[in-house]
Amino acid sequence: MTTAPTTSAAPAMTKARRSRWGVHTRTLVPCAIIALIAVGAIFVPVLYGYDPLRVDLADRLKPPGSVLPNGSIAVFGTDQIGSDLFAQMMAGARVSLIIGAATLAIAGVIGVLIGMLAGYYGGWLDTVLMRVADIQLAFPAILLAVLLAAVLGQGVLNVIIVLSISNWVVFARIARSQVLALKDREYVEAARTLGLGNFHIIFRTLLPGSLPPILVVGTVELGHVVLAEAALSFLGVGVPMGTASLGSTIANGVQYLSTAWWISTLPGVLLLLLVLATGVLGDAVRDRLDPRLRSL
Amino acid sequence: MNSIREKISLAVAATAVAMMALTGCGSGTASTGGGAMLPDEQQNLTFVPAFAVPGLDPTKAPLEMGSNQVLSNVLQALVKLDENSQPQPQLAESWEWTTPTTLTLKLREGVTFSDGQALSSADVKATLERYISQKQTLAAVLAVIESVSADDPTTVTITTTQPTGTLLGVLSMLFIGQAAHAQDDAWWAKPTGTGPFVINDFIANDKVSLTRNEGYWGEKAKLRSLTFKLITDVNAKVTALSNGQAQVLNDVPFDQVATVEAMSNVAFTQTEGLTYNFLWFNNAREPFTDVRVRTAMWEAVDLPTIVESLYGDTASVMDSFCPTSAFGCVAATDMPSYDPEHAKKLLAEAGYAEGFTADVIFSTANAGYDSLISALVSAWNEIGVTITPRALDGATWLSEFSALNWDMDVQPNQTATGDADYTLNRLYKCEAKRMGYCNPELDQLMAQAQESNDAQARLKLYQQVVDTMVKDAPAIPLFQTKPNVAASNTVQGLTIPPTEFIDWSTVYLTE
Amino acid sequence: MTEQLVADSRRAQSPLLSVRDLQVEFTTSAGIARALDGVSFDVQAGETLAILGESGSGKSVTSQAIMALLPKPAGSIVGGSILYDGIDLAKEPVSRVRDLCATDIAMIFQDPLSSLNPVFRIGDQVAEPFRRRLGMGKKEALARALELLKRVGIADAERRISNYPHQFSGGQRQRIMIAMAIALKPRILIADEPTTALDVTVQAQIMRLLAELQAETGMAMILISHDLGVVADSASRVAIMYAGRIIETGGIREVYDHPQHPYTKGLLDSIPGAHAMGEPLRPIVGSPPNLLDLPAGCAFHPRCPIAVPECRAAVPSLREPEGAALGHHVACIRAEEVRSHD
Amino acid sequence: MTEVSLLKVQNLRVSYPIHSSILQRRIGENMAVKDVNFTISAGQTVGLVGESGSGKSTVARTIIGLEKADGGRIEFEGRDITQSTRTELKALRRDMQMVFQDPFASLNPRLSVQEIIVEPWLAHPDVVPKNRRASEAKALMDRVGLNPDYASRFPHQFSGGQRQRIGIARALALQPKLIICDEAVSALDVSVQAQVLNLLDDLKQEFNLAYLFISHDLSVIEHICDRVLVLNGGVVVEEGTPRELFENPQDDYTKRLFAAVPVIRPWLNGASSKPAGTIPRY
Amino acid sequence: MLGYVIRRILLAVFVLWGVSTVVFIIVRLVPADPALLIAGDTATADQLAALRNQMGLDRPPLVQYGSFLGGVVTGDFGSSYTQSVPAMQLVAQALPNTALLAFLAVLGALVVSFPLGVVAAVRVNRPIDRIVTTGSLIVQALPSFWIGVVLLLIFSRTLKWLPSADLTSAQSLILPTTVLALPLIALLTRLIRSGLIEVNGEGYINTARAKGMREPAILFTHAIRNALIPIITVVGLAFGTLLGGAVVTETVFSFPGIGKLLVSSIHVRDYSVVQACVIVIAAAFVLINLLVDLLYAYLDPRVRLAK
């Protein structure tokens, strides 16, 4: 009566292994994809000697695999101004990743700070800050984008600012809800009974506890930000000329979809991979940290 | 807002606009022959224009290309200019300068508005006064008008402050509405006119639908209804033609021409136009104060290759400072050609052996400029000059442009009157202060050319003007474009004037 | 040893529910936890069996396994059988087990708030078994629900039948849960820590209600608890669980008065009230074992005051020690010593 | 009483505000504690019992400063804390510490045991100099029965009982005179609960600690307390030594409360505390 | 509940005031003088000054702000300078188009995502679930303008099934609706899935099982209602966002919606229309979310019956 029938235990073991393997795969594969894109983004433009301002009109709109007059092969073809699409995609990925990372950093810091203050102090401060968030949500971001493009000229920094302004609310909301969930936890009250100040409690006690869901949101938001940059490019208020981003390459290539499909489709696939990877990563992180977190 | 030339009307100065008006410089006629005319209830045509129609009040935006394309089929002016820029009767039957500053016009009898009301001199007076009071882009041109009086129902007298030979040209641009509504902005937002079509429905920047004016005083239009539907996305635009949603497209970009030409039952036509694109140096700013730098910049650019690659045969390289289709735009004797080595030498001589940095502004409202600017910037980079492109939205571009807050500017332009004077004298004389360029010698040549009535003498003078300008290189004329339409084979009677203001009253559909 | 136990129960009468060598595993990210490892017990009609144990001992898993409520896909029965009415619930598909739920075996849970659906009126929830299982009309079902609510002591039931769960106190909610559980007159009621979330006065009322209902209906009860005191009044037999196994079972008085397993004894000694005041308590040393990493042999040996090297060698099985009362089984090789120490 | 009282609570009144739903203005209050009086002498253990909603936790939280008193006085060593400034309050916190109910929730999951124990010294840096904090933390761990080698482990690596020991070590770090135990052993399994109770007893002797011991578990209260207060509806309904209360409760509520406490071996003293007849006996 | 409603309305008013103020400030921060745009680059300073005076742009900012707020309250945003009609009229023309599009997109998304989410949740971690979740991730990971053009080339150009632009037939709504709905389908599918999975662990689901209820019955009575209540908020937010955020789709399909109106008005600095658009978009957003909050409160008795 003591020995368990091993036969019936075996499937459960395999299942366990598989599910653990699943979580690992779902973390590792997207990480590998993102890392690969990042490495490509760093090195490929250098290796190709990619110059966003170089135009080779004789080589424009060449399909993937074309041999160029200088003997090189454009694996992904060339775009409407004859620049090598592969190198441009990688340079674009670099810009997109920079925009994504910087936006997440800025929006994340601002949003988390506001969210935590609102959640921690509550009362009128909470009401006001959250109404500011509502105002932000109700406000069409495109107006802001055009404004900044008009005031400061087109630029990567402006895109980052616009996207940060339109993304901080997500972080504020999640940080606030986390603080609300945590602030009455006993360990937070314990910190208070020890005589620790609000600063310590907010940043040393509450912040670390709130980070996991914020990280989950962050991974998912990275994809959203990169896509939003593409939309801004499409509307003509994205990155400036001479700075290819994935979004701008796709947007510029869209009018060639019926004649030179590769210009917007291939960077689209890369964007898809990037967004998909961050999305899957976010899901995996969520499953790992707290399966109860909703797709935020 | 994405069409190339929408902003022309804003950019183009008003002062001299109406001195003369449109001249015919060859016009394209699309489609010939065809089957039997469709029955009247099927005479419905959709046209995809190149320009957005932001509003329909001509007194508020008298130079808006898109609006005028529609309004020229709905409203009419006192006179219209023929192919030779000569005024011909339209609403006015005859006219006479009774004194050097008094013009008396006799209105045509029997002209009615589409609502049945007869045209009277009161309508003309009230409309002209409305134009003047609006202080819009024509304000400077209209400033010479001292008063307008309606002497009797068919007689209008215009008094000017000084002798003004170009007044009839100005009048050809003013559409006449109804006196009763002269103060009524809402009425003008959807005006009733004396033309062959009536505005049925209007959604700004999207769609205007016209129906035939059944009570038209002249020959009635053949189309029962005509819809201007703006489609900005190139794919959607070409698709609309391919699946029969639209019958005529205007302004097919070069990269889509092959697609359009490959479509069965579609005819693609292009014609000589009056639109061209130029690059201006800010001649008052370092380092462009130096003619060697300006020339070097010009010589660095392989224009034939750029134009051929980006625009194919929808555009052509220029050999003058205005489109050759306009009178007086003679070919320069010695146009700078692509010579990067020489350009570098010139830069070195000017003290910029190491190159320099500067910016170039352009409006994002001009679709397809990205490739052009990239090509230019790339070419300059080859001679060691680093240029930062500044793509600005239309409104920002205009304010930067007006403030001369740029090193270089690229924009389209139209020699609206079809005469070199309109472009050259207006833009490049010292007084114009458009780009910090001033050459008194040139001013004198241009003044002479303006005063002269002898065509041959003028051509000779313009030869000198152009050659002087080539030497000074205050600007680079980049290329001139050819207006084009792609039309279904069922469309008949379509003619494209150089101005692209198509007269739709002659168009009809066949099987 | 199982045979022994089976023989014992046969001697009395054929059991209503017979759990045999039940094994349940949970898959976690850290590995596989054997939550139940060879649990066997019988429940006779009309009797109350208390299953006692500390957290992680497997007492709640037992009830989940019976009701096919193991969280999927993490938990699964990997061996043994649950015999009810000639059917092995461990082998039957879940849907078959569901058919027996409520009509044959019903269950109430620890937290009555989360166990009631917050968005439905309690009347509808209590009436649900009648409507879904018996196909009654709404009106009739609600009338039956009202009767039940009155029976379990909901004051002003006519009005409150249309209230929502959050409008009730904890004790009232547990009464509602009980009403729902007994709606279809089950033969066995499993109460999984029914009073843990409640105040002590309410706890007494709920325990009294359960006892009354059992007396009325003659149903058998399985009372699952960590509190030795709560079940003492109501249960006839008790099974003490430790690390997924039953380590001692028997009549409740016999087990409480003469514990034969050092763990049971330690547990009883740990209860503050059982001591003369001022005297220090005699707790069990150490902490409960980690189910992912059970000690070899008797899982209790690291904490056991009388452990000997043999305890490490093999998992002791339940046996009837010398001198023990009939049906008193202990899984300890030194059970006799424990008794003599007493 | 000849001893000087360490903590003296007089006419304590605590309420939770009710806000209007529109402008969130305070429109009324919910009295959690209506009128509570008691004193704790140095080295004494006072128990607070009562059912949920009786206000016992609110009393504790108000004394430690997690809630604000609406009325009455709380004197600690003669000083009124309700009127204290922030700095005074901070100093007071050194002398008064709290052990919480939930061993899982009361420790910051992101800090190692050592960091948790050192944390109080961040707020009161003068208690232990920086260079000695690590060793002091380990000494404290040792004192509460935890292996000091585990100092760098995180709370989730410990069992419930061990975690509660960490919480006790943290409370001890500031060398307080009074420790408030708010249901400090209620969440523990009975075998572990006994260990912790014994530890608390030992520490009390060693450091001459006073406890305010809050519990709904009367047997625990009976075991550990010198005096017991029975709270009902925010009011102390009865007070006395455990023996007095258990053997001869005066107040009706106290009687009902004690009657409801389950007895381990109801068959031993024959007279079960419950009304006979309704419960079938075996 | 009434107090809750009133409070929510007051907060909504506050948000609208905030949006109005922000748009007022932003519009005045944008360089490029509308007077210059009207009069052209050759206009004289006098002309510009006269125009500014006529447009009220030379009044002190606070006075402008006051009259602007007054206008907001009465729904009078002034006239569009490009079209000589009240700005509100243009907005009233464009808003219903976008609203229709957004409504259809949300409705379509709900209809499609509901079964997908349920199937994925019921078959969690099985192949069908993986297909649904991966598919939804992919759909969310593509730029909508790219999807739009690809759909247009397939269904409009190649197959000639659907029109590419215009608002003349119901068919012309299909493509833009699809483009708007796709990311929403993806989001809702995942939300419904995770909501159901989460609810599946709740005590009352086990209670229902213990009552002997079959899984489908549990799903459709106990699980769905609890899982869907939180999703209402997301749907409301998405609907509200679509009203102002459909501009990309509107551009691809030349759809005369409020997003395009806003963008084209920004480009020509038609302040009145910009302000009217932004405030109407914000008002619609706030109103929808207010209704959603109230609906949420109504559906959840814990909120509805709270004191």
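As written, the chain order gives the labels A, B, C, D and E, with residue 1 at the start of each chain.
The rule we apply is simple: a contact is a pair of C-beta atoms (placed from the backbone, for glycine too) under 8 Å apart; a residue touches a chain by one contact, two chains touch by 3 or more.
Fair warning: this is a prediction, and the values are worked out from it, not measured in the lab.
Asks: Using the touch definition up top, find the fewest steps from subunit B to subunit E.
Replies: Between subunit B and subunit E, the shortest chain-hopping route counts 1.
Asks: Between A-D and C-E, flag the pair that has more C-beta pairs in contact.
Replies: The greater number of contacts lies at C-E.
Asks: Considering only mean CA positions as chain centres, point out the chain farthest from subunit D.
Replies: B
Asks: Suppose each chain is reduced to the average of its Cα coordinates; what separation in Å results between subunit D and subunit E?
Replies: Centres of subunit D and subunit E (C-alpha means) sit 52 Å apart.
Asks: With chain centres defined as C-alpha means, what is the inter-centre distance between subunit A and subunit C in Å?
Replies: Distance between chain centres, rounded to whole Å: 49 Å.
Asks: Can you check how far apart subunit A and subunit B are, centre to centre, with Cα atoms defining each centre and the answer in Å?
Replies: Subunit A and subunit B have C-alpha centres separated by 45 Å.
Asks: What is the distance in Å between the mean C-alpha positions of subunit B and subunit C?
Replies: Measuring from centre to centre gives 90 Å for this pair.
Asks: So which bits of subunit D are touching at least two other chains?
Replies: Expected reply: 24.
Asks: Check each residue of subunit C and list the ones that touch at least two other chains.
Replies: If we look for residues of subunit C contacting two or more partner chains, we find 73.
Asks: Which subunit B residues touch at least two other chains?
Replies: Correct list: 233, 235, 238, 393, 395-396.
Asks: With touch defined as at the start, can you tell me which subunit D residues reach subunit C in the complex?
Replies: Touch residues, subunit D against subunit C: 51-52, 159-162, 189-195, 197-198, 201, 216, 218-220, 222-224, 242-243, 256-257, 259-267, 272, 274, 278-282.
Asks: In their shared complex, at which residues does subunit E touch subunit A?
Replies: Subunit E residues touching subunit A: 11, 14-16, 18-19, 22-23, 26, 29-32, 125, 133, 137-138, 140-146, 149-150, 153, 157, 187, 190-191, 194-195, 197-198, 230, 237, 240-241, 244-245, 247-248, 251, 259, 262-263, 266-267, 274, 277-278, 281-282, 285-286, 289.
Asks: Could you please specify the touching residues of subunit C with respect to subunit D in the complex?
Replies: My answer: residues 48, 54-55, 170, 199-204, 207-208, 211-212, 214-215, 226-230, 232-236, 251-253, 256-257, 266-275, 277, 280-285, 287-288.
Asks: Considering only the defined contacts, which subunit C positions touch subunit E in the complex?
Replies: Within the complex, subunit C contacts subunit E at residues 67-69, 71, 73, 95, 98-103, 106-107, 109, 111, 113-120, 128-129, 132-133, 164, 166-167, 177, 180-181, 183-184.
Asks: Per the contact definition, I'd like the list of subunit A residues that touch subunit E in the complex.
Replies: So the residues of subunit A in touch with subunit E come to 19, 22, 127, 131-132, 134-135, 137-144, 146-147, 150-151, 223, 227, 230-231, 234-235, 247, 250-251, 254, 257-258, 264-265, 268, 271-272, 274-276, 279-280, 283, 291-292, 294-295.
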